[in-house]
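Below are two complexes that have subunit A in common, paired first with subunit B and then with subunit C.
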Partner chain A sequence: MMTKHNPFRCARTTLMTLVASVSVSLALTANAASLPTAEINTTGLAITDDTVTVGILHSLTGTMAISETGAQEAEKLAIKQINDMGGILGRKIEIIQEDGASDWPTFAEKSRKLLVRDKVAAVFGCWTSASRKAALPVFEKENGLLYYPTFYEGLEQSKNVIYTGQEATQQILDGLNWVAKEKKAKTYYLIGSDYIWPRTSMKIARKHIENVLGGKVVGEQYKPLGDTQFGSVINKIRLKKPDVIYAAVVGGSNVAWFKQLKAAGITSKKQTLLTISVTEDEVLGIGGENLEGFYSIMKYFQSQDNENNKAFVAAFKEMWGEDSVIGDVTQAAYLGPWLWKAAVEKAGSFDVDKVVEASETGEIELTTAPEGYVKLHPNHHLWSVARVGRWNKDGQATVVYESELIEPDPFPAGYQ
Partner chain B sequence: MLGGYTYGELGSILAMQGFAGFSLFSVLLLMALGLAIIFGQMGVINMAHGEFMAAGAYTTYLIATLTEQYFPAFMPYYFVFAIVVAFFVAGALGYLAEFALIRHLYKRPLDTLLATWGLSLIMQQSYRSIFGAREVSPTLPEWLLGSYQPTDTIDIPLNGMFVLVLTAVVTFAVFYLMFKSRWGLRVRATTQNRVMSGAVGINTNKVDRYTFALGCGIAGIAGAAFTTIASTGPTTGTLYIVDTFMVVVFGGAASLFGTIASAFSIAQAQSILEFFISGSMAKVYTLVTLVLILMFKPEGLFASKVRR
Partner chain C sequence: MSFFYNKLIGGKEGLTGLILLALLILVVFPLTLDLFRLNLVGKYLTYAFPAVSLVLLWGYGGILSLGQGVFFGLGGYGMAMFLKLEASSPENTAIQSTPGIPDFMDWNQLTELPWFWEPFNSFAFTILAILIIPAAFAYIIGAAMFKRRVGGVYFAIITQVIAVILTILIVGQQGYTGGINGITDLRTLNGWDMTSDSAKYIFYFINCALLLCIVLLSRFILTSKFGSLLLAIRDKEDRVRFSGYDVSNFKIFIYCFAALISAIGGAMFTLQVGFMSPSFVGIVPSIEMVIFAAIGGRMSLIGAIYGTLLVNFGKTAFSETFPELWLFLMGGLFISVVMLFPNGLAGLWNDYKHHLTNRFAFITKRFKSQKTLTRPTNAESESLS
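Moving on, here comes the complex of A and B:
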């Protein structure tokens, strides 16, 4: 097959470019010859001799745009870096981006468009569990491949999804162990926004507190999404005097919750607070001064001090601006394209079935991940480390605790 | 005794809970005031009300950022200044919207609904393009952070007190303007009889435009004040718009006094219920009660004359 390269056009440019492009074109031809498109793509995906097309599907508009912006920026950075290294199997990655518009049916519709019309080889996308649940049937029916970046409630494992965030037990259990040991916590107050992720997470947390740690849950509260009035809830918490407030409030409510907590005089001096819903992204809205001294459990913090992370943060800032911050999900999204690259190269093919098979060997690992070392488990989730970070006034966290590498367990026995 | 609590502790909780109710009341009232003026005096349902609030909030954020960078010494005082600017920015935007859009649709009230909704989408997308999709918060002056402690066990949030005082000031100013000034007289005259007002020499178009601008300006003040309790994003306005409508409709669409009474009863019901049952259920009960009352009293708590 012919490559897209046109020698007549090159003739018009300088000699240097001519030489360069001929050699590039030779390299591509060589690759295409050793790995013919017909062999590495038997299912009719959008792959040519020098390009492979993938989809990015996040909300660019609507409420979720706040959170999903970072994820799609990280995915683009990873893809750019992969392309700079020569692409995957000699093919440069091209992106088709669609907007999920914070609307779950739209995620399903755009997934279908990407898989059926554009025939993309993989999709990096979704953020909320609701959007993933909406898109999932489409990916399973059309046999697509989705890399999903968010930490989530677990209880799911699809052949067509690779989960690059941590599932609930990887995030929750070690954080609770830490607070029980370190802060001698006995009584807990659980508060979250009212939807599936906080409710499932709290269920797991409650079982762990009551059955494993021998502690007591003195209150459990859910607020409607978007609610910004926490006065009454704060008074209720005050009445119960818990050792630890365990919080999973999200979105605009999250900001109101922390601002009002501070205004009510509940600060880290008097109260230990552990949250599973605050990353560097959220701090931007909440303000470091309102969070100072409180703790987050995540698997990644921007301040992590290792070579991988320093390079990643520098590259991210160079591409998206000096002021950008990187949260847990942004980092997990960054892993998606790299994990896909590793699996495709192991499979020697872009076919979804073969890529999935390669992913399930348990041998796909990244030593260059900003969070440290990650490995893909045959159950499609990542082995990951739980980290507790204490927030500082400047909006960055100091990591105060790191767990061992935790095996992902999306269906935890005794916690359902 | 009393489940392990002393009378002192329970008293403190009662005091703080009482304040939480008043605080919610002031928030609801401040949100609804601008909408009530526009809806009540002009019959226009402004679906973009929340976005005018966001305009005020973003103005505050901008001023805070600029102050922090160029005049750090001014930081403790900028907030008062920001509220005034927010009023004028949102008011100017409202003036513009009335001039370009609303005035062409006065005879078609349903179309104003659609047009202002479209306007709200345009404004949301503009905020997203200008300020980015992420939520922002201005750095607040020290005196707005933390709490006032009259005793060891009572913490009264300073930002809540600030919003309460601001709401009182704005409400009195609106009442003065509406019922004591020449301009208010003209507004009320136009509301009661547009043709007659025109005949006696009142420029009714001008009255409409300034009323609309005033309503939007007050929304701007509300937006500025709410940066102390929540954050600002492109879609922040949509968080408030439902509560705002609830207050205005429940209070009787055309009555400022009704708006106050309605904000008070909704806030107290909500905060008391929330203390005893879960947050989500408190909202459900409040809304169900509201719907039931409106079924028997469709014109709201206080009905008054509306321009036909």
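Moving on, here comes the complex of A and C:
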């Protein structure tokens, strides 16, 4: 650019011109906006010389709001921290927030709005599988990029989604191995809410119990979402006397389930219970005293004792209040913007195709993750650790077991 | 000619309203809105089908159904089943344990297509099923209720219960229905890419055309002798019965017709949005449909369409602008409409139209031929632009 407009025409000054243009280009490189917007954004995303726009799409209203609040808070925290560090490729992140309203079609509508109208470079959002399934065709059609935070049933791998939660086998297998070894469990009673995630999880659990652990499933039952009558299940459990109750009851049903268990005298003194659906967020509703001594398998617990997590918990509480609790999904949501930052910087571009390509190299990793160390697998899921936590009265868990890093396998052979 | 003009169009009054509506949805929206917004309007207009059906059923027939979502859902699911089978060809589903069946069946350990899914391989059958199944279901409910003279609030509660039962059934039988996720990922219709821009325009115009046809058909029914009887039944059911009419048959007919209209809306919804889920079947969407009709004015076919548009535009606009408190704004909108215009938007229009006509009488005289065009747009079309 400089040489074209340079005022020196004399041959004698060619050298000077050269020096000048070199120093100018050096100065440009030193500048934060060294990368021209046209170069790092060839697909017309909402990116200016100093900002990049992303979307956050969670339910702020409706039945899912209570669960999704933590996730969107964590995403905002991560974005704020990234901005404080200077943003991504010299650009500050700006947020457009939309409300999915606990309504799956609304998630599809708002995804389309974020991608088509707002041209956001990435979306952090969705919580339930149903909302992801509704939004997925939109992301694939419009070639968007979604960071999805919830632990889920697997059986999916989209080019346009990065799954920052654990897929089913990462959560289930190690926990079952642990309970079989530690509690000498032979008989299992499976109970879950009736939708795709518990059903798939229980299918995997049953195969693992029967084929690998040599145990026996003495009961398997599903209750409608939102059901609060667990009397008949509890009677059956009394009759079958399983070594382990393996539970995937979700949402409001959880409160009834654990209270009725306690009322029926089934407590951790006599009964081992392992759940894959209770995080610190749910404990708020259930009450620590109703859960005391039961176990959850997650990849993250707020009580985890490492420097990353201490800093994260402190920053979260500073931004969102001293009383906030942080569950597994909240932490996974926090990873989203950081993983995106790492991939964008590796790609040197905000283009979705290039970011996806960078994400699929298997080299995107975070050493600063609250859960410890995470790495993105080329199959768009994260390597993660399974942890068993024992619930205390105060609503926090004590981690009693930690696995090695587990490879994500959304289509597990032998478990389908 | 004048017979049809009066019966079908509803005379000069009806013609004006119809032309205004047609101009708005066929000309103004496509010209002023980009494809994303137009697709949203298309989605809203599919909700207008059940809203129009409620004008017939509730406004004229006095039968409050709090379960129109059932028929909307049946129509939508019928279309979704056909599209899902097309999307589940063995090549597309090679990764599954049983290729060739919808993905959610595979996840639920089904190894073959259930028998009641088989016929939905045929497009012709699907269209017939969308038209017949909801109407037949409505006939069964209607016959069971109206023959026994169940009406009023009891009928409303029973329709609501049916909506709940159907939701629980769909959610519970997820191996057969897709459960709470619904039937998703529908992309092609007979090999034609439904998600392309041209497809979206085509569906939008088909949707508008169907809606206008249904308004005409409904008006034909209302201006016929049947329409007068319907009103009579609403106001003094016993007197009609004593006059020798079999009241229940009239009620069953209008209930079936309303079900049919709602089902067409559901099928159009699936085509435009690309999936169907139980969240359109239950109590909440069913009551929302009643709200659309109430806001628009429950005695006005066209008012119901404006009501649907207004409420949904409000929903989208408020939730985009104020994601944290949009529900309060919606609540405010409902309360103010009910308080200020108890007869809905149509009532507002009727109250004020002679003021407007007087004011514009001068213009009207001079440009009589252009009357319909120069008439100022009413409240609802202003808020839409």
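Just so it is clear, the second predicted complex is superposed on the first by the 383 of 416 C-alpha atoms of A that agree within 3 Å, B and C clash if a C-alpha of one lies under 4 Å from a C-alpha of the other, contacts with A are read in each partner's own complex, and residues count from 1 in each chain.
One rule holds in what follows: a contact is a pair of C-beta atoms (placed from the backbone, for glycine too) under 8 Å apart; a residue touches a chain by one contact, two chains touch by 3 or more.
Since we're looking at a predicted model, the values are computed, not measured.
Once the two complexes are laid over each other on the shared chain, residue contacts for A:Asp281 go to subunit B alone; subunit C is not touched. Of the two partner chains placed by superposition, A:Ser268 touches none, neither subunit B nor subunit C.
Of the two partner chains placed around the shared chain by superposition, subunit B and subunit C are both touched by A:Thr61. Looking at the shared chain after the overlay, A:Lys236 reaches subunit B, while subunit C stays out of its contact range.
Of the two partner chains placed by the overlay, only subunit B lies in contact with A:Gly252; subunit C stays clear of it.
Legend: residue contacts after superposition of the two complexes on their common chain; A:Glu98 is shown touching subunit C, with no touch to subunit B.
Judged by the touch definition given at the top, the superposed model places A:Asp194 against both subunit B and subunit C. Of the two partner chains placed by superposition, A:Gln396 touches none, neither subunit B nor subunit C.
By the document's definition of touching, of the two partners only subunit C reaches A:Phe411; subunit B does not. Shared contact residues of subunit A, touching subunit B in one structure and subunit C in the other: 60-61, 194, 224.
Put simply, subunit A touches subunit C in their complex at residues 60-61, 97-99, 101, 103-106, 108-109, 112-113, 116-117, 129-130, 133-134, 136-137, 141, 153, 155, 194-196, 199-200, 203, 224-225, 411, 416. Note for the complex: subunit C touches subunit A at residues 34-36, 39-40, 43, 95, 97, 103-104, 107-109, 168, 171-172, 174, 179-182, 184-187, 195, 273-275, 277, 279-280, 316, 319-320, 323-324, 326-327.
The touching residues of subunit A, counted against subunit B in their complex, run 60-63, 65-66, 69, 194, 221-224, 226-229, 231-236, 238-239, 252, 255-256, 259-260, 262-266, 281, 284-287, 289.
Taken together, the subunit B residues at the contact with subunit A in this complex read 5, 9, 13, 16-17, 19-21, 23-24, 27, 125, 128, 132-137, 139-140, 145-147, 149, 155, 157-160, 226, 228-231, 233-236, 239, 270-272, 274-275, 278-280, 282-283.
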